[in-house]
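Every chain is named by a letter (A, B, C, D and E) in the order it is written, and numbering of its residues begins at 1.
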């Protein structure tokens, strides 16, 4: 089981001296003291609108946004990532969750065939710090970059400046980086994803979320991911959970991403919140068991199936 | 009849501590102490120019902008929503109205076939706070977002930052969210409208105004609206009044939106101000009777017909 | 003859308390104590470049920009509207003129067939206030909006913020609003012009300059203008003078615009400055006689012809 | 010979009181006490890249940027106009030159057939004032506007604000105004150039540099220039030197531009710096002899040929 | 061997007096006291993504970003150029390297056939100064300009302002200037590259990195480079290393660029880091031997081959 002591947290040089202690605290909180990140992605109400929250195959409870917080507070997660406003509306009733404020978002209505994607910054970092100052447990921020979009420069600039500001204030930063746009013909190409991971470290992010690369005839997705993890350098790589799949397959993939692919965590949304509260909670525990405590797939499945419990702190 | 005590007002976490009391006061004023919102929409002089104020079927009095304020001060409304300048020109003579400053507007001259819609922010929040400081009874702000427009990112960003600023200063925020643009093929699709409602809570709005969804063979508009209301979470959903319809039909729809659809209010413009002062005043009272005091349609119609009066405070 | 006492000036609520006295002073100065506005438009050296100032049918004196100031100081005008720089170059020698700083301008070189019109803000309000602080008699600002242009949002935003800033500092504001762009098929349509007038009051302008609407078979231009004047509410409507026409026709139109059309003034440029100094001065007096002192057309013509003088103060 | 005493300098009203003395000093320095401007244009290394500095017909010395400063310090010029950075690199060794900082520039690589021209502001006025504060002899700024470009509004706005800021700080301002873009069919049309001159005075520039108009059958270029000079009003008009021509022709044109065309100076670049140091120095003296001391063409030619020297101070 | 004493450093006039000492220190550090610059380019993880760091012909070690720093700290380099974030993540462990923060970057995904290149500024200079203030050894900044791009104006403006800010704070500035875009038909044309060099001095850069010009029938690349070096004036010209070539050829080219072409250094990335640590270190030494100590190609090759060592300080 990975354990991290405060002195072992590597603090980037752009964290101002007066913010180092808070950065270490945030880093340890987000990774539950392990250096591994279980990111619970709750930012899809803008990205996918209600398509991820209501409809066939989705538990009816998921239509109420509070479902996200109920899972987050009952389950075992590292951080709950959501837009500033969403957090502001619910955080008072769920004070123990570690929040990661997603700084940009777009809907899926305009397709890439019509226009390249641009997800714009929605509020200043000052607004996030003000939220933290009112007592909300904000440990970091997130930002999505679509590399290869004709608006790539907008997103690189917003992310670049936000990281400097966030680190200066002791917040950790997670980048979501997806190659996308008319210029991108194969979003899951392993070399491209490794390149995306490398962009993250150049911008100075603490973590980067990428899609798992497409397997080739020679190499599995997890093997290819290992190259991306290495290319990310000191930026920890976490993998996107993707669409809802059967739990065993999901946990097995996650295990391989970490133990073969060098990922130091995961970022999962739909796979969790589209389930009933009880099942979703158990899935967060199973995911965290693998991510934070190096459980085997079999043991994690036992957690998911409820035959074993998993607590962490 | 819904009643709300000050302690029951749920204050979002981004309201700064020093602004909490004023936020609660504004929330109670806007909802007349009920938690329900009767929004009287007076921002159409830009959106629809004079087409909503002069012409066949419109009372001649509506051509004078003061008609809006006469109705607002004599009738029963929660807030009068209008542009900053309009309010600044008349507020001194109508000091008792609760004003909601609409922060953006566009005309209808450029159609979506020519260019996707962008309604730009017209003034800073500082200008609104200055107006409040001179004694005008400003309780909140409003902003329109056209999701699916190629300019969606502009509007999401302006709204995102404005909400942070407004809450910090104790103002309530109402978003108008309409899916619109070349990418949007069915603006009234229920799933799309529920998605729009979800975007509002992610941005942290207190209320969101959406169009009533189109009924399907299986479900009525009000039933479908219930899904959107739930998807809006702690952001209260109110329905757009739409074009002028016969009063009984209008009140009946409103009743269903609230009692079946989970709406906590309405936003009505043309249906009110295109009538004579006396009739318009009675309509505000009938609407408020349903919205604020849970009247039946029949009783509300009696108010509209003048056989019964409705006072509220 | 319209007379206005200081106490009767209606001060918009966004004029800051400390600026109320200066606003009243500026309003009275601009309207010469009558509430009516004789705006002498000297901003066309950018808009029409030299085509309005040199050539067939234009007095040779008009080529020298100082001609504008000679007329303004010798004739009877309410305000001389011009760009900040033009005023800065001549104001020291013409200190008694009331100046209105035109905040935006464009040339006529790019036609609407090539690109929709955008007239951009040329300087900050701070620069205007600095000019006022050096002793120049600046009483207000002006801004042109092309509604229906694809750049409409730029202009609405710049105007919206400028009005807030100008009122806060006690300056009056005049908007020029013209529907123009590929989306506009009939710029002189009466309903459209009434709509433009309504936009002005929503933005909070003190005066709006519109083109006179095109007469229909049923109604004269002045009768249709009356609808626009009413739609402008507390924003006073003034009519554009248009191209140079024979004086009697011009004065007769002006008389009707005021007495039938509800205009509270006029905005005239070419009709004045394209004449010799003496004739131009007499025309300003004739126009002011109608605008400020309710002269009949016949009496005003006598002023223009020099058979009678008109002084005002 | 034109002479100007400090009291005769007409100070624009937007020069702040505390900056009036420095403005007068700068104006006198730039015009060498005459009110006439000999502007030595050294900004073409961006505009024309190396095509103006190296190649057939160009003295080999011109390839080294220091050639520009050697000429400027040895010859007789009013101001040396160049980009901020160029001046910063050489000014310490050429402290006696009056510098005019060119605020915008573009290369000639993108042709008007591909995109309309936009020459963007390259640094803030603060950066220029900081340079002045370190002791560099900066007397003013320059800015180029391409009227009729689809980006005209960008340039009008940048120039408009810069002039206000520069005057406030006591700097003189020279505008370069050229009609250019897809909408402009005849850049040298006399009426168009007179219009450009008029735009300069509306923006409040102290000097405007225009191209000499194309002669017509009825009128010479210099005669037509007289109309533009008058249209420029209190903004002094200077003529662009254009491409390298034979010295006698050049000096003869300049004489006519001043004595017939009403120009109060010239702006010359290539014609000077493409020559050897000695010849270039003599040409600056010949030009200054005409511009600053009303020499005849014949006498100025003697200066250029070295049979007579010309010193000025 | 070139040696520079502190008093011989030519300090641009825009370095503020209080920053002159630090500028001299930075200049000497970056050039290792020689006035020559060995720039080790580590910014390609964004520009070329992982294609420069992983794949056939690239040492496997290059996939880990720390490889860059290991080389930089063990080898002999002037400055290591990289993005702010990359430096922030590793600088604490490699404190002795001189860092040059690359201020802008883009990926290669969108090709010029799709859209002209724009590499946007990624963070403010304040963020860089803050990094310096935490103790990171930041000696300067870098910025890439694509002249001839339709977005040229964006880059010229960002660079123009950054140079002023950086010099004011005592940082040195390196520009990367490449002509590129639909308008550019021959990026390696000698006259064009000389023009690019001239733009750098106009902006006030201390160094400019250009591609070596294409040889003609008459002149070698190095001979043509001499013209560009001269056109750069006081801005030192360094040559891009380009793609990986055989070491002898590379060192021979470098020697000629300096001794024939007038370059005062080099900027090399791929050629170094795509090799194993040991070989890469020896290459930095060989390059530095030529650049900083005027070694012959033969002697430098001995350094590269390990038969001789090269230390410098």
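By definition in this document, a contact is a pair of C-beta atoms (placed from the backbone, for glycine too) under 8 Å apart; a residue touches a chain by one contact, two chains touch by 3 or more.
Keep in mind that this is a model prediction, so the values were computed, not measured.
Engineer: If you walk from chain to touching chain, how few steps can bring you from chain A to chain C?
Structural biologist: Minimum number of steps from chain A to chain C: 2.
Engineer: For chain C versus chain D, which are copies of one sequence, does the interface use mostly the same residue numbers on each side, meaning over half shared, or is it different?
Structural biologist: different
Engineer: Give me the rotation angle that lays the C-alpha atoms of chain B onto its copy chain C, rounded to the nearest 5 degrees.
Structural biologist: 70
Engineer: Distance between chain A and chain E based on Cα centroids, please, to the nearest Å.
Structural biologist: 36
Engineer: How far is the middle of chain A from the middle of chain D, if each middle is the mean of its Cα atoms, in Å?
Structural biologist: Here the centre of chain D sits 58 Å away from the centre of chain A.
Engineer: Could you list the positions in chain A whose residues touch two or more of the other chains?
Structural biologist: Correct list: empty.
Engineer: Over in the complex, which chain A residues touch chain B? Could you list them?
Structural biologist: Of all residues in chain A, those touching chain B are 43, 45-46, 49-51, 53-55, 63-66, 82-92, 105-107, 109-111, 114-115, 118-124, 127, 130-131, 134-136.
Engineer: What part of chain A is in contact with chain E in the complex they form?
Structural biologist: Where chain A meets chain E, its residues are 10-17, 147-150, 152-154, 156-157, 159-161, 163-165, 167-168, 179, 181-184, 191-192, 194-199, 201-205, 227, 230-235.
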